[in-house]
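Just so it is clear, A, B, C, D and E label the chains in written order, and each chain counts residues from 1 on its own.
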Amino acid sequence: MTSRYLLKVENLGHSYGAAQIFTRVSFSLAAGEVLQVTGRNGSGKTTLLRLLAGTKPRESGHVTWDEDATRAVLGHKNGIKAELSAIENLSLYAPDRRSCMEALELLGLERAHHKKPCYMLSAGQQRKTALARVMLAKANVWLLDEPFTALDARAHETVTELLARHAKNGGAAVVATHDRLDLDAFTLREMVMS
Amino acid sequence: MTENGFTLRRYFFFCLRLLFRQRRDVALPLFFFLLVSSLFPLAFANHAVPLLAPAALWITLLLSVLLSLDNLFREDVEDGFMEQLMTARQPLGLLVAVKMLAHWIAYILPIFICLPLTGLWYAMPSDTLFVLALSLLLGTPTLLALGGLAAALAAGLKQGGTLLILVTLPLATPVLLFGLTMVDMSQNGLSYAAARDFLAAMAVVSVGVGPLVTAAALRIGMD
Amino acid sequence: MLRKFAAPKIFYPLAGKLMPWFFWTFAVLGAVGLYWGLMLAPVDAVQGQAYRIMYVHVPSAWMSMMIYTSMAVSAAAVLVWRTKVAEYWLLCSPGLGASFTFITLVTGSLWGKPMWGTYWVWDARLTSELVLLFIYFAILAMKGAIPDRRKAARVMAMITVVGFVNIPIIKFSVDWWTTLHQGDSIFRKGGPSIAPSMLVPLFMMALSFSSYYFWLVLKHIRTLIERSAA
Amino acid sequence: MTENGFTLRRYFFFCLRLLFRQRRDVALPLFFFLLVSSLFPLAFANHAVPLLAPAALWITLLLSVLLSLDNLFREDVEDGFMEQLMTARQPLGLLVAVKMLAHWIAYILPIFICLPLTGLWYAMPSDTLFVLALSLLLGTPTLLALGGLAAALAAGLKQGGTLLILVTLPLATPVLLFGLTMVDMSQNGLSYAAARDFLAAMAVVSVGVGPLVTAAALRIGMD
Amino acid sequence: MTSRYLLKVENLGHSYGAAQIFTRVSFSLAAGEVLQVTGRNGSGKTTLLRLLAGTKPRESGHVTWDEDATRAVLGHKNGIKAELSAIENLSLYAPDRRSCMEALELLGLERAHHKKPCYMLSAGQQRKTALARVMLAKANVWLLDEPFTALDARAHETVTELLARHAKNGGAAVVATHDRLDLDAFTLREMVMS
């Protein structure tokens, strides 16, 4: 680590046409921290995450990434290819099958489902595949938009544990979600959009 | 920086696998080519088929290429994969180039392999066929680049394939004209070097600049 | 009655009994017909030796249409009654149909070179036969695109039924349009216009080809039944 | 039963509004038609353009119709709207018919309105143009029905537009043949009644049976 | 009401190829009842709901609908048209604008968002539009697959209240969700898929 923070956001603002969604959002994120972003529907969580990911051009304010920082992104949409199997999808991010299968099983996707095309998977199973991708990308900053969508209770817990472990290992994350993250106080920071 | 994100090589094979999986057989644009190119002589009946062959084949190739490009990026945008591409370590332009290459191999190459067969149908002399094939070959990079750009614009703007064709066709007309000039020249025993060099120059520019422009168009579309 | 035979349980042993008959008809008539047609039958007054291609061309042309017709019938059964055996029939046939169509096209082209001076012209019969090949391809493409067999069969049935218009067009193309291809000389009003010594081996070849088709289809269907039972 | 679900009339206007909204302008297939039909005279240079006009226009119409059908149902399947259609009070076949009608009005009708213009380009005599227009008009229902069926299959099976064309083109060839025969006959001063009646009969069958078959195909695809 | 139940399911089973997802699912649903279907990811909740909706052909077992029963369906996917505005989408189900707007506002979609094309709405706002459609359809049986996806806490509550009111007015619902439904015991029935 060469600096105190992995990501620093200053005075970030965004508007769609005349509608200003948010102004002057500032925070910094150090290794070991998870930032939970909450707020009502339409408050701008997704917009914020996409600005951070760089998939939406920034209009005003600054986003500074530490030079060690690498990103893994999960949006509302899974970003997996429906015609390929879970394993085939993951092989793009980590070529060895073993680690792909381990990630999937860790998240609770049984082996029977690893090889069928993803359009044959249930909503939760597809979400798990997308989450496995985030794990495999070996990035130190995770940007997750409602990661718990469609997950059952057990997978919900698993993802929380993974977040905790990621933070403990020196990673950081920005998580937009309507659920409360069940992390310890050292790790968890909160921001409410309005 | 740590090793992460996907490499170009892996993405190339990923694209190929997806193309071959998605369509079950990649032979479809090829079939389109064969079908449409057989429609012409059928429709034109006995009216001087060999005379029309180069033009008919050029138009058919043009349409096959454009059709095959229809959802080059739309699916990526819709299933969220485009966000993965845009946040990848590799520059988007390179990824686009890799994708287009895979596309060329899966969709366009088979057409060239079957070209002699079509020549037979149209009863074309083999030296005309050769010049025609050369003109088509030099034309495809430009067509792909133009079509790719239009596909990128269409994907971001949630517009269908027709927009793509609308944008690309006028731009592609010069390519078509030069291609036909090449064949015409050679049929009349003249040198076709000028037209050929022009097409080749366009191809080089397309390969060099096309992916970059397309990547920029994608970023604008995702705004 | 028919539906009873269409039950896989009854069809399976029945097919097993019929298969050797079809095989031996194919083998014996094929050998005899080929020898007769290529060696014994007289040389044609106009066409010389080249006409002998007829012994392959005409039977495969008939097969290409007959197989499609049989598919159309099974397609109706699939769509109306969901008959299992008809599904199998539909799944097994298009590959063979496409092959016979291909053979027709190739032998026709080869025959066309000496007769018409060109391998290919775009007249109605030749084109509609080519269209038949493409329809077979379309049906095969659907089969390849759908992993689930029953679903595939139903989709193939729809395309088969729609594509059936093409069959009368092939048959009557020589009457409806002016074509280079010669008109019907066998199945026509007033009896065949070919010498019996040429006709008999032709019919033998036709019978042999169709036996070959039935033999292969029954064989494939039996393996499909075995696989679905396992 | 209580009044619920949507009525056919409302669905019709819903479709129209969506068509006009989605493409920004519905003129795109029209543009395609105009562009491609202008490519022919361009590509064929001086070789007997008026002679080729009917064939060129027929092929172009065929391709325009097929292109416009590309995502007739795919979007509905992808955004989940198909489930709404399938659970609607109205039978799916009727809804499909309504949708196709809207499609015809938005995409095909403009082409016919512009047909005289194209006739002018090709320097076609007005009676030939009339017979050509009639043949095209009688052909479109069948083309739409065939394309609709293929689109339904392609949508359910997650296959792209190329499959659509692969399936539709061979089936559409007879329509093309009869349409051209009509024009040919009339150009030679013969009666074209037989071909016309055949096309009309196919059109009637298509309108009657097409939507039902398409609905069945959609249900299979959703399986 | 002409019979005791609106929907009766007997011995329903489904399998994808060789994989049997569930067998012998039986229940009946009377007016005033809400059936919550829970179970792990991939346990077959969506499959069950689609069988009930008739968007997937039934393989074995019986589903009997009362003749007074009318259905409104909400799947994982919203089934709204992205190019049309929320109001335009709803106008297909209830032609008068006023009731459309009321339904949207009840669910917490502010008036400012009623007229822009739905692809400009946030995930939660789109879900709200789809839920408004269910309300407007005036059906007495609701089949909802994870209705709470992407909803904020307030909308979550609203939907629960709407379900309670629907049941009180003689409606019934089958709801697949990983959250616990907060309904009173008279109304709520549960089924766990496994």
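Just so we're on the same page, a contact is a pair of C-beta atoms (placed from the backbone, for glycine too) under 8 Å apart; a residue touches a chain by one contact, two chains touch by 3 or more.
Please read all numbers here as calculations on a predicted model, not as lab measurements.
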Once the contact rule is applied, which chains count as partners of both subunit C and subunit D? B
Compute the shortest path length in steps from subunit A to subunit B over the network of touching chains. 1
Among the chains, which one keeps its Cα centre farthest from the Cα centre of subunit A? C
Select, from all pairs of chains, the pair with the highest number of C-beta pairs in contact. B-D
Between subunit A and subunit C, what is the separation of their C-alpha centroids in Å? 59
Based only on mean CA positions, could you tell me how far subunit B sits from subunit E in angstrom? 45
Roughly how far is subunit B from subunit C, going centre to centre by Cα mean, in whole Å? 37
For subunit B, residues that touch 2 or more chains besides their own: 22, 24, 28, 31, 35, 42, 44-45, 78, 158
Tell me, which residues of subunit C touch at least two other chains? 127, 134, 137, 141, 145, 148
Flagged in subunit A as touching 2+ other chains are 76, 82-83
Subunit B contacts subunit C in the complex at 24-25, 28, 31, 35, 38, 41-42, 44-46, 49, 120-121, 123
Spell out the residues on subunit E that touch subunit D in their complex, using ranges where they run on. 50, 53-57, 67-68, 70-73, 75-84, 88, 91-93, 95, 117, 137-140
Show which residues of subunit A lie in contact with subunit E when the two form their complex. 16, 19, 39-42, 46, 76, 108, 110, 112-113, 120-125, 128, 146, 149-156, 178
Write out the stretch or stretches of subunit B touching subunit A in their complex. 1-6, 10-11, 14, 17-18, 21-22, 78-84, 86-87, 89, 219, 222-223
In the complex, the residues of subunit D that touch subunit C are 146, 149, 153, 157, 159, 163, 166-167, 169-171, 173-174, 177, 181, 202, 213, 216-217, 220, 223
